[in-house]
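Each of the next two complexes has chain A plus one other chain: chain B in the first, chain C in the second.
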Partner chain A sequence: RGCGPRSAGGSASCAGCASGWRPSWRGGDTAEQEEDGERERDEAACGARQPSAAEPARGDAGDAEDEDGARGLRERLAAELARGDSGDADEEDEDDDEEEEEGSLGFPAELPPLPARSALSAAEILRYSRQLVLPELGVRGQLRLARSSVLVVGCGGLGCPLAQYLAAAGVGRLGLVDHDVVETSNLQRQVLHGEARRGRPKARSAAAALRRLNSAVQYVPYRGALRPRSALRLVRQYDIVADCSDNVPTRYLVSDACVLAGKPLVSGSALRLEGQLAVYNYRGGPCYRCLFPRPPPPDTVTNCADGGVLGAVTGIIGCLQALEVLKIASGMGSSLSGYMLMFDALEGRFRNIKLRPRKADCAVCGDSPSVTCLQDYEAFCGSCATDKCRALQLLPGADRVSVQQYKALLDARVPHVLLDVRPPVEAEICRLPHALHIPLRSLQDRDQESLQRLQNRIGEEKQRTDDQTPLPVYVVCKLGNDSQKAVKILQELPAEEFGSVVAKDIKGGLMAWATKIDSTFPQY
Partner chain B sequence: MAAPVSLQVEFGGGAELLFDGVKKHQVTLPCQPEPWDIRNLLKWIKQNMLKERPELFLQGESVRPGILVLINEADWELMGELDYKLQDQDNVLFISTLHGG
Partner chain C sequence: MGSGSGLGGGRRVSVLYFARSAELAGLRCETLSVPREITSLQLWEEIVKVHPRLALIRDQVVFAVRQEYVLLGDQLLVLQPGDEVAIIPPISGG
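Showing the complex of A and B:
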């Protein structure tokens, strides 16, 4: 199957690849980039596995205007037959089809440009009539939308509403990037994914939902994280990029890739009850690095899992992002270049902040840039591009116990204090009944009333012991990060007041307790 | 001798959590020999408003990376950054950038 060693640049390096292989994106979301799936991709591109006639024909790419109309029609007919329905596919069946094909198809080496269009069909005129009569858009704007491709980085709280409105409005092609699978805690804000999609890749789930909304749009799901080695090649294939990601390294990666590829970036973010929106690298305006030349210290960054977020807030920001994308794509132009729109949901207030212009000394878009290719952004930011590895290691192993070890201590009725240091709002959600609750913040502030409660509880427990050995204080939080910080504080408490104690944290926190010890304990 | 300066100091994007969760603060800076600038305001905030963990807000004599400073709703870069001379009734907003989605 050899095409020889693959080049660093990607898959289209073999002369033999070009012939015979039909890009599988035509089949909608059959084209898929698996995480770290370059091998599969290369095999597909090299013709190691030729798609059969039926495969690309799962066909909902809606290419009625395809220059090869007869083949398109044949393929779509085959697809309808293969699906055993006449277009109104039950959503579960559709998903099952996708599941069967998972991992079997390669990555589209290069997406062909969307065809230029000179007129709308009668069906399109009817479908888009409410926006066609807007003089700011009109037929000309609609035709531009149909030729536009948008890369959506992140199919979560922002990406779902963004992609939904872009698909409904009739953009030509949507690339959908997400490394994650749908989880129950996503459903509150990631409104394209239904209950039945839990456990399925988000990129694929989004494509399936969007296809039901507008089958004329081409959807290209990429199941995998955007990575420095592939980001530039991907971004170059799209006209506009929407950053709907949830972490700092990805924000720098997307921004740098957009500068290097010369693409406008519509960037949204949301947390708690606030949101922010900006358009970068557009018509001479600043890029993300112009604003933020240095990344924030990792311990100052809060994600949605820890800080919380309301779905209506991500929805508002995602819709605003969609609006700016539509304005850019249709030729109206964005009014937000050089501005940041900030939304405070509690106050019901928007602010439009005037930003600095492009910086001549910017590391990537400046006059003599030092960043000329994509870097290791996780190292640059000191944090992970996925939120799966947030575990801190502040304490030596001897100062930590597993949930299993703690369960054994509990069963053996060993005298101890269990200290829960989560914020009050989380303790209200669920708690272990025997735990003493003192938020980490109160410990950090050395709150006297809280320390007194701790001292009292330690005194009570000590009456059950011989008072010779130090009393163990086990500290627990949600995931085992804050508990380590609390242990460090407890280790500095004066022994004359608190007596002899030894503080340890419970690794993985209450979520580990829920998954490994007590499955009835709520996860959140 | 510069007259006292009254400001509205605001925090957002989570930065308010370092200030008891309060977003809007009416601040009156006392008389002092030199005019008040942002550099001095940051020192004053550290001494008078920021009780714990100043490293989550400040770095050196400036704000930490990831906090945008806005003076009367404009990026402080446009206004002279640390050297901006505060005027009575100015609005100074410190916004922590959000990354969630």
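Showing the complex of A and C:
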């Protein structure tokens, strides 16, 4: 999936102040036209509750979601066929069919306000009895919950447990935003989605699972990414926002939207064996930008796919998020405004870090803000609003080969060295047997032992060639990003020690190898 | 490990590295000796001297001393032995 011009939505919603964010890599007129076209289509789609057959309204879907949709459809068809074969059409299918109607509305027009309630029914009293007897909550708190709406941005590792506990507790309405479909590698932590849901949109899968848990809650699945164009309209319709997203641009987008709409933001994040929780823009406390005015350089950001994460860790943070949402919604209030609760799973320890107060010169929540409408956050952050498309372009095309080209070289027995630069833990998962494994980190550190091993292998391989042409060193990693960094390091190595070599990276890495060359090679 | 040690009245503080900073530093915690009185920026720079890669994320960290945010700047810190200094980059996964 591409991550360029199509993604820019901020400039459409506010051309004047977005121009400052306009990225240099974005095209000119072509991009604008595409964007305009997309906008018109979207606005038309959002305005109409009855989508036409030719142009189904699928919320804030741009081209990417069209692709997603196509992929989702293909996977769903496959799943449906598979189910048909086994013949076990169960309740879940009915659930899904029902949702199909609802979900296809995408981002509906204004939601009606939740009715104010003055009393609980006998059934509700029974259902919520264990929390009703808490003096801190009581009937008053429960009635407040029933009147509250919460927007859940991201139905993944954080969003699943969060939404589960909010639904169970009897929140009035849950908006569920996710542009993605359920994948096998999600199931280890995204506990609302089951095996049978693979290939289906997460927003709908989550709504179906939650409906089985508590049918009294209103679920509004939004199948599409939160975009600058529509985020404010959406956020304004909810009382509290929970950021359960998985990428930096979305975190800035959600935070800015909450500041502009005046909504409290309960923000959770998790990676590897760590989690963070904070409540922003609440009772005069700081916003996300107060703490992090400048986004991190894109290549310093690690996502769950690259860094890994343990499901129990996202579960803990998601539950803590749910707790803070429930406290705010029921009127108990959150004590986490101005604090960051950090969870260190390895140590089994929480730390509560007191944060700075609201920044008077914050660009969005400060006394004279420069950000008064939503921007182009992908441009601002220099990265995509997804945790998937992270294809870096660090090398010129001449320094890269495709997996097909590499396969041809391999088949032709061209003398070369294949250098695998993944971290040791990944090399243990799977590897190409003929590869020399030296982690990128060791190359970056110019680790002598590692460089010696490389030098030896180059020497051995050179003995098999008589000619004077430089020996090719092909560098591979998981996805083709680290391999480019490694090539740059190899290009700086002294020729007198390593001899004449030419380093190239293999585009797309071992995952491209698995999808395009060897389907038995594991994907992770 | 002590940089900045040897100054009269140096303080051994416990430095914790979280998320990306742990990757860049190559460890999760250590004890460093630093001057007892030091500005927050100087303290950061002492740490960066030991782990130069941390300079990369300077603008994107919560720098906390005794579990409290400290702006990198002229603010004078008076450190006690065993004080906890934490470098906390935001994580964005979920």
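In this text, the second predicted complex is superposed on the first by the 419 of 524 C-alpha atoms of A that agree within 3 Å, B and C clash if a C-alpha of one lies under 4 Å from a C-alpha of the other, contacts with A are read in each partner's own complex, and residues count from 1 in each chain.
Methods note: a residue touches a chain if its C-beta (ideal position, glycine included) is under 8 Å from a C-beta of that chain, and two chains touch if they have at least 3 such contacts.
The model shown is predicted, which means the values in this text are computed figures rather than measured ones.
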Clash-or-fit label for the pair chain B, chain C on chain A: clash
First (chain B), second (chain C), both or neither touched by A:L271: both
Which superposed partner A:F292 touches (first chain B, second chain C, both, neither): both
Chain B versus chain C as contact partner of A:G159, first or second or both or neither: both
Overlapping contact positions on chain A, where the chain C interface meets the chain B interface: 154, 156-159, 244-248, 251, 268-272, 274-276, 291-297, 300-304, 307, 309, 314, 340, 342, 344, 351-356
Residues of chain A touching chain C in the complex: 154, 156-159, 244-248, 251, 268-272, 274-276, 291-297, 300-304, 307, 309, 314, 317, 340, 342, 344, 346, 351-356, 387
Chain B - residues contacting chain A, complex: 12-14, 51-53, 55-56, 59, 64-68, 70, 73-75, 77-78, 95-101
In the complex, chain C residues that touch chain A: 18-20, 23, 28, 56-57, 59-60, 62, 64, 67-69, 71, 86, 88-94
In the complex with chain B, residue positions of chain A that touch it: 154, 156-159, 244-248, 251, 268-272, 274-276, 291-297, 299-304, 307, 309, 314, 340, 342, 344, 351-356, 444-445
